Each structure stands twice: as structure tokens, then as C-alpha cells.
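Two complexes come next, and they have one chain in common, chain A, joined by chain B in the first and chain C in the second.
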Partner chain A sequence: MSRYILQRLGMLLLILLGVLVITFVISRVLPGSAVEMMLGARPTEEQIAAVREQLGLDRSMPEQLLLYIGDTLRGEFGTSLLTKRPVLVEIAERFPATLELVFFSLILVVCAGIPMGVSAALHKNSTSDYAARSVSALGAAMPTFIVAMILQLVFSGWLGVLPLQGRIDGLIQLDYEFPTVTGFYTVDSLLAGQWAAFKSCLLHLIMPVLALSLSALAIIMRITRGMMIEALGEEFIMTLRAYGLSPRKVNYGYALKAALIPLLTVIGMTFGYMLGLSVVVEYVFDWPGIGGFMVGAIVRSDYPAVMGVTLVLASSYLIANLIVDLLHFAADPRLR
Partner chain B sequence: MTAPLLEINDLRVGFRNRRAVVQVLHGVSLDIRPGEIVGLVGESGSGKSTTPLAMLGLLPANAVIGGQARFENRTLDIANPAATRKILGGRASLIFQQPLKAFSPYATFGRQLVDAISAQTGMSRTDAGKVALAALEDVQMPDPEGAMARYPHQVSGGQAQRVMIALALSCNPKLLVADEPTTALDVTVQAQVLHLIRELAKSRGIGVLFITHDLGVVAELCDRVVVLYAGRVCETAPVAGLFHHPQHRYTRALLGSMPHLGSAQAFETIPGSAPSPAALPSGCAFHPRCAAATERCRTELPQMVTTEAGRFACWNPVGSDKGRVV
Partner chain C sequence: MSEAAVLPKGRFAGAFERVRGNAAFFVGVVVFGLIILVAVFAPLIATHDPLKIDFTAKLAAPSTAHLFGTDELGRDIFSRVVYGARTSLTIGLIVTVLSALIGTPFGLVAGYFGGRIEWAIMRMMDVFIAFPPLLLPIAITAAVGQGLYEAMLALTVSFFPWYARIVHGEAKRISGQLFVKSARAQGFSNLRIMFRHVLPNAWIPAIIQASMDFGYTILAAASLSFIGIGAKEPDLEWGLMVALSRSKFLDYWWVALVPGLAIFLTVFAVNLIGDGVNDMLDPKGDSK
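On to the complex of A and B.
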């Protein structure tokens, strides 16, 4: 039984090692030299040699790789060339904002997408099924930045009911201070009992979460519909119906369970998908997450920052998938 | 003769698709008496799987159903599957072809048995658990308590079929419908399961409708046989009579296609294949494959003839051949 879990953990470590090697290689082949960036135009030979030594660039490639892996394992992600601050600190400040955005979007996707998919499957080929499918096709087809801008135009521009961008109202944040505990503003403000701050955080979350969720919602809805229809066609559904189980129990107790177990994997993948997409959403809504930092780092060849962010994003995706695997393991008796 | 437990008359079923309704049953009539095992025989596409599903109210929503049915002297509204299910619930049960697929892989046998038993009888879950355990003992399931805690993937097909039979018998049904319950099992297990069904049916006076394409099983197990072809009954007779003196040309061809042990004579196959329900031949649906077909067979639908031995619908029955010993 624990073999399955050990196997997954081993896989996770192997993949992380692969990610480390890839980020290392990419950082060394990216155009634009870090040395140039640090020293500006026309540095002297001595200056270049000093910086190369400082960055460890004078050693052989395998040596550099080993040093890099060693540093990373010790939590030493290096210093951002751009801000001259430790990459880990930069990430720690921003990543919770991204996670909060993705986390709430994932909740919306799961809590809305699955019931919509189930209802479409139970009323297959009805008008509501066609309506849901058309809307989901549209949602999946619309580029996220367009969706984000339409939301801004309607709710902030025309109706003026939602804040245009940011994570919290600046004045409110000053007036109703709350300490950082989890890094999630909603949770931290609640813990501190600052209702006004909590409300401001929620209002600021609505549009980014909607923009980030729409395409994933469409995907989850469609896949849930398909899985549910497949589950309802299973022979055991006929048995249960033949033996007098209520449609409710058959649909939600048995068919939904059979549909949800394969869906877990898809939800795990959706997390990674939204993590990637959050870069765009953060840009449009000026969300102080990791996305903007990453784009800046890529554009300016701040390779310690790029490597750090890549590693953190890859790890969180892998951890999410590990959680999915564990849930799968708990839910499917055939794996035990 | 005792009154029939279940009687169906002129059962017609069609399935609606986007363009039209495709009729698969064209007036099937049959009856089952308490304690009697009736075999329902036919090729795939003959309607032998649709018939029991219609009887039990298990057809999907796109089915169009007509005909009359009576169960224990109560009229069934057979056109309304939900109403039929309600009346038959707890009194008629079904055994499926693939026992491992007939149970959810995500729940233990115990949970599924208890859910089904309490849904049918309204018992509490504790009482339903006791009934389930007793039923597993009745079907001689080894380690019945352990079986309750097991998932379908943890047992063999034969054991799962025993659980299925336990479920079928747990609510003391009057009628048992078994849809090829042994096809997916090993030959040795097949015999055990057949024996179990026969024993339980005879000792409890349960009427059984046994659907199969295997005439060997019919000969071993059944009291009476109903032969279906293209959605119609072509012949029905007690087993011995049917095997020794088949009347319908199709019945005879079916018997002829059975391999015989120790017989030098090669078994004959029936030429052609069963017609599609969407494009039935005129007259007797079997005439394109029948060596003895006459002009009348091609144009006119044969009428059902009742004799002492049984009933058949054939214009040129085997018994009319002169001087020929069948």
C-alpha cells in the first residue's frame, strides 16, 4: 500500500532534479549576459573576471551544476541581479498573492464546474445542456486577457462596483492593519478580525478569479459531463436501478463517485494550467504576485530569479499533483 | 396447472433515435409459472435481452413500449418503466451477464448489498446487513462476513456472481431473470452457478427466466424454452419436446448448429446472419436463411399454431415433412 506513495514521492524527487538541470541549462544558454547587466557598458577585464568569479562562472559546467543543486537544496536561491535581494525573499513576498489567486480560482472551478457538468450530464441533450455546452465552448475559446479586460470595462468602468486592480485598497490596508501569517490577505485579515480589510480583499479578488477561472471552468465542466455520462452508462448503474435505489442515490452516491475519481487527475492538471495563466491575469489586474516578477526577470536575464521562480512553480505543481495522487489513492480501492 | 406468475402478451418495443423509431420486439408473448425455469433463446439482435429489460421496467428513456403484462394477477403498466419497477421491486430480481461489471468498483459488496436491500424493503441498514449476510450464506459464499468487506476487484467472477445471486434472492423474489449469467464464467464455475440457480428456484418456488444462446445450458437447466427470432417468438415448448421434435425451421437449424460430442456428423451452421431490426425481411423473418422456405413464407407472416406439445409460428413446420424422422 505504501509502495504506491513511495513510488510517487520518488517520481516527484526525480522530476524536481530534472527541473533543476533544465533551469540550470536554460540560464546558461539564455541570450544576454548577466555580467554585462551587472557592470553596464565597457567594463574592464578585471571587473569581468571578478564578477565571473563571484557568480561562479569561471568554473566548469558540471561543477557549476553541482554547486547550483547544492545551493538550492540548502534553500540558497542566490541573489536577484535586478533587485540585489535574495531571490527566496522576493519569491516569499510575492508567491502567496499568486497562490491566493489560484487557490480561490480552483475552488470556484471545482465548486461550479463539477455541479454544472453533472447537471448537463443528467439532462443530456436538453436545452440547458446545449446552453451550458455553448457557454463553455465560448469560455474556453476566449483569450484570458480579453476576458479580464471585458470584466474591467463592465464592472469597474461602466458599473463601478468592483475595484479596477490591485489586491487591497491601499488606504484600507493602512487603516486596518493585519499581520502576515499565511500570506493570504483574506485569511490574514480574518484572523486579525479586520472586516473592512477582508471585504476589500474579497472585492479585489472577484474579477481576477473570474478571469482566471473561466477557461478552466469550461474545461472542467465539459470533462465532468463526459465522465458522468460514461459513469451513468456503466452496468452497475443498471444493477442499482434494478434493485430499487433512488435516482438520487444512484446519481450522486454511485455515478458521481465513479466520475470524480478520474476527474481528480484533471483537477490537478488544472492547477498547473491556472498557475501558468495567472501571469497574464496578474499583469492585467496589477496583482502583486510572482507573475510580474517572473516576466521582468526573463526580460532582463535575471537568471537567479528565473531559476528560482521556475523551481517554485514547478514544485508547487508537483506538490499539487502529489496531493491529487494521495486523494486518488484514498478514493480508489483498486489502488490499495 | 398453476396460474402463471408472470404473463406478457404482445410485447412491442422500439427505440427512438434521431430519425425514426426502430422496432426490436414485434409482439412477444410468454408466461412463467412459479418454480418453473423458462429458457429464452435467440441470436444477438433477436430481442432476447430487450425482453427481460422491458418486463422489469429497465429500458432507457428512448424506448417506446407497448403490450400487456400481468404479475401475480396484477396488471402491470408495462409502457411505464418507473411504475413497473415499483410493482416488481423486491418481487422480481435480475442477474447480469458480467458479475464483475454489475457492481461498482468503488464500494464494498456489503455496502452495495445493504443499499439495495434497504432500498427494496425499507429495512434499517443494520437489518439489511443481517439479510445480506444470510443471503450470502444461502448461496454458499465462503467467508460471507469477509465477502461483505471486499471490493469487486478482490474476488473472482464466480464469487461475484454468487454475490449477485445472493443479492437477487435476498428480498425473497417470486421471479428471477438471469441474463446469460454464466457466459463470462469458467466452465467449472458455470456448472456450480447453474446448479445453484436450479436448486434455489426449485426449493423456493421461484419462477426463472433464463436468457441464453447456449442450448446446452438450456437442456441442462430449463423446463420450457421460448425461441426468439427477429423480435418474435417462433416456437415455445417443453425442453424435451423441443429438443426431440422441433417444429419451427429456425429451432431445428439452431439445434443442428449445436456441436455433438462423439458424433461423426459435422454440425451445420445457419447460412447468412440475423436480420437487422431496421430492415426486417417480409413474411417470415427467417425465410432468407431457411432451406424449406415456400412462396407463402416470403409474403405472409406465419400465424402462431398451438399443439399439444407447444406453440410455433411456421408455414412449413418440420412435422409436415413426410416420412422423415427428425
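On to the complex of A and C.
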């Protein structure tokens, strides 16, 4: 067990190192150099030299890479060119918003997608199977930004029942203050007993969560259905049936259990998928997370900010995958 | 030499019987075929010049003069969406083909040689795959600049490792088989064995992957354009058309919805075809 964990941790560090090399190449080696970005149009020779020295661009490539990795690991992501504040501070302020959005979406996708996939597999070609497959086909082909905009049009524009964008109503946030504990507005407002603020947060969450969930729901439903069908075809299931166990016990007690373990990996993948897609959703709903921040940073050529967000999102995904693998290892005796 | 050609035929045997009766696949083929026709004959189908600005007719509702209305610059939405088919199909095709062409040799070499070469190549691919989807293309466009070609490059860089991974698995399995060993014993060069004996048996999963990826590529490219880092004015790209309409979207929703539904229809049809191809070529499909 401990050997597996060590091996897995070693692999994580190696991949993380690789990720750092890629972000290094993107930010330092590719054209459209960082110097240009930091100085804007027509810098003087001295300015260029100063910035080159500041970034360490006058040193050799391997030296630069080592310096970059050292800085990044110490949490020095540089200063945002746009806000003139440390990138790490900017990210720390916004990351909870992204996590809250992804977290609620993941709960929805897992709680709705897995039962729907299982039911579709148990009743192949029934109404629920066709319903699941239709939702799946729709979700896989519908651009997330269109889903988001249709939600906005219907629930804000036409019905007027949900707020168009943002994370909380500005006035309510002022009137019903709550301290930051977890960074999740829903949790923090509840902890402070500010019901009006809590309600506002929930209402603001509904559309972004739905938009972020639809395509992930499609994926997870489809995979669950496939895995469940595969599990139902296994020989031990036939044996159990032959022993005369009730279909209920065979389906939910054994087949579902066999299908759920590999599904852990799928849930990990879905988390990563949503982290990536959250950039688009945050952009549409003006959600104050790091994805929306990143889009703004790209358009304004704020390099350090873009690379900081990239690193944080990629590491989150790596850590999530590590947790999933360890859970998988703990849950599946065949791996030991 | 001839043994290499025998196996794939076995794979295809029965493929078309399997797909017969798959109505979804045929719906996909028909719809996608129509979209290809629209793209090819765009100049004949479009009713207006897609780039012609007409401030006297801006944000017009759908009518006989403008089938789907006009955008905020008075440009005919129907004609713009018709031309947009060219862009989206081209992006999907180029990115998918390039990713497969770049990824396949990596997987082939890793699977064939094994050992340290395999380890090095596959860990490198793991690094690319470690980025959440969309994130790597976004980061790359931040560096190389924003535009249609830059977005295509960025998407290719983030997709090719998946092909390497898939081909690697197949190539590794096949490289261990007797006919490859005997080819080695006969003194054929590694290059020749890889491309003439291993590859013809290992590329089917890459084709399946490509058919499933095509739609996702179109979606990803549209998303990049939508957030402002892909296609730029005056490119005729569906995601960009949606983005341009955003400020007045709640009042003039059809301006965004028409190109949005064009993306949906194309990806939907492509996915139906992808599923059909998967059913046809995936040998595991036999057992189900």
C-alpha cells in the first residue's frame, strides 16, 4: 500500500515538473515575448535590459528554467501586469468562487448522472433509457456558452426569476455581511446565519451550475450506462443469477458495486473537465472566479496572471486525480 | 509482407452488416452531408454578402428580406451562418487530422520499442494530458496570439497526445505478436516493421478516436472564439458570431441563437456518425 502511494506521489511530482516546463516554454520561449508584454510599445534600450535582467532572460535557458521552477514552487507567480498585485493573491481571492461553482456542479452531475445511467442500463431500450440517451446526445453537442445564454434568456430575460449574472446581489452583500470562513459564499452566509444573503447566493448559483453540468452530465451518464451494461454481462453476475438471488440484489448489490469502482476515475475526469469548462461559464455569468479572471488577463496580455491560473487549475486536477487513484486503490481489492 | 494486410480486413468484415439498421448513423450521415453541401456551395446558397454592412437594416427581425434577420451591423445572419459552415468544418478537419498524424508516430515508436523510449514518450504525453481540457489551448493562445490559426495550433497541441496514448496501447500489443518477431528475425529495419507491419494493425482505434473527436474539436474551437481568443472579425465563425451578439442578446436573441444552433446541429450529426463508426470498427462491439 505505502509503496503504491509513494510511486503515485513520485509520478505526480514528475508530471507537475513537466507542467512547469510547458508553462515555462509558453511564457518565456515562444514568440510574443514577456518583455514586449511588460513594456508595451516602443520601450527604450535601458528599459528592455532592465526587464530582461529582472526576468533573468540574460541567463542561459536551463538556468532560467531552474529559476522559474524554484520561484513557482515558492509561490512566487509574479505580479499581475493589470492589477499590479501579486498573482497569487489575485488567485487566492478568486479560487473559492471557482471551486464553489465546480463543487456544486459535480454534486449535481454525480447525483443525477449515475442513477440515470444505471437505470438506463437496467432497462435497456425503455423510456428511461431513451430519455437518458437523448439528454446525453443533446448535452454532448450543445455548446456550453449557448446553454448558458439560453438559460439567461429564459430565466432572467423572459421570466425574470433568476439573476442574470454575478455571485451575490451587491446590496444584499452590504446589508447582510458575513465573514469569510471557507470562501464558499453559500456556506459562509449560512454559518453567519444571514438567510437573505444565503438565498441570494443560491439563486445566483443555479444557472451557472446548470450550464456547467449539462455536458458533463451527458458524459457521465453515457459512461455509467456502458459500465453498468458491462458489469451486468460479467460471468459472476450470471452465476449469482443462477444461484437464484433476487434481481434487485444482483443489480444493486453486485453489478452496481462492480461498476461504481471504475466510475471513481470517471468522476475525477469530470472534475478536470469542469475546471476547464468553468472558464467559459464564468465568462458568460460574470462569475468572479479565476476562469473569468484568466480570460480578461489574456485579452489584456497579462502573462503572469494567465500562467498562474493555468498552473493552479492544472495542479488542482493533478491532485484530484491522485485522490481518486488512492480511493480506487483502497476500494478495489484486485489492485492490492 | 502480406500478413500485415490480412488482419484489418478481418476487422472490417461484418462492419457494414453491424451498422445496417442503425438509423441514428444514417440520420447523422444525411444531416452532415447537407452541412457539407452548404459549406461547399455557400456562395450559391447565401442570399446576401455575409460581410456587407448595412446600418439602415441593423438588428432586423427574421423576414423575407433577411431569413434569420440581421446582426448589429446589419449583416445578413443567414448568409453569415451559411459561410460559417466552411470555417467550422475546416477547423474540425485540420485539427483532427493533424492531431492524429502527429500523435500516431509518437504512440507507434513508444509501443514498438518499449523500455526507456516508451517511458519517456508516454510520460511526456501524460504531461500534456494533465491539463484540464480547454486550459492548455487557452494558455497557448495567450502566448502565440489570438486568431483562427493560433487557435487551431493550440487545439492540435492539446489533442495529439490522446492519439499517441491510444496508438501506443495497440502498437505495444501488436509488437509482442509472433509476426512482428519473425519480421525482426528476418532482419527488416525497425522503420519498415513499424510502418508496414505494426501501424496497419494499430490505426483503427485512432480512427475511432478521430470520429468521436471531430465534434468536440468544433465545440472547443467555437468556445475559444466565443471567449475572444479564437476567430476575430471579420472571420465568419459561429462562436464569434454568438460572442458579437452578446451585448444585445436579451432583446435580439435570434442573432446569437441561429449560429449557436448551427454549431449544435453540426456537432450532433458528427457525433451520431462517430457513434456509428465506433459500433462498426470497435471489435469489442461484437461481444455485446
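Just so it is clear, the second predicted complex is superposed on the first by the 320 of 336 C-alpha atoms of A that agree within 3 Å, B and C clash if a C-alpha of one lies under 4 Å from a C-alpha of the other, contacts with A are read in each partner's own complex, and residues count from 1 in each chain.
Throughout what follows, a residue touches a chain if its C-beta (ideal position, glycine included) is under 8 Å from a C-beta of that chain, and two chains touch if they have at least 3 such contacts.
Quick caveat, the model's predicted, so the values are computed rather than measured.
For the composite obtained by overlaying on chain A, chain B and chain C can both be accommodated side by side without a clash.
By the touch criterion stated above, A:186 is placed in contact with neither chain B nor chain C. Contact with neither chain B nor chain C is seen for A:213 once the two complexes are overlaid on the shared chain.
Of the two partner chains placed by superposition, only chain B is touched by A:245; chain C is not.
In the overlay built on the shared chain, the residue A:98 is in contact with neither chain B nor chain C.
In the superposed pair of complexes, A:236 makes contact with chain B only, with no contact to chain C. Of the two partner chains, chain C is the only one that A:143 touches; chain B does not reach it. The superposed model places chain B and chain C at 70 degrees from each other around the C-alpha centre of chain A, with the value given to the nearest 10.
In the superposed three-chain model, the partner touching more residues of chain A is C, compared with the other of chain B and chain C. Using the contact criterion defined above for the overlaid structures, shared-chain residue A:272 touches chain C, although it does not reach chain B. Measuring only between alpha carbons, the smallest separation of chain B from chain C in this overlay is 11 Å. Taken together, the two complexes place no residue of chain A in contact with both chain B and chain C. For chain A in complex with chain C, the residues that touch the partner chain are 14-15, 18-19, 21-23, 26-27, 30-32, 137-138, 140-146, 149-150, 152-153, 156-157, 164, 229, 233, 272-273, 275-277, 279-280, 283, 294-295, 297-299, 301, 303, 306-307, 310, 313-314, 317-318.
On the chain A side of its complex with chain B, the touching residues are 234-236, 238-246, 249, 253-254, 257-258, 261, 331-334.
Across the interface of their complex, chain A is touched by residues 56, 58, 85, 89-90, 93-94, 96, 98, 101-108, 112, 115-116, 119-120, 151, 153, 164, 167 of chain B. The touching residues of chain C, counted against chain A in their complex, run 123-124, 126-128, 130-136, 138-146, 215, 219, 222-223, 226-229, 239, 242, 246, 249-250, 253, 256-257, 260-261, 263-264, 267-268, 271-272, 287-288.
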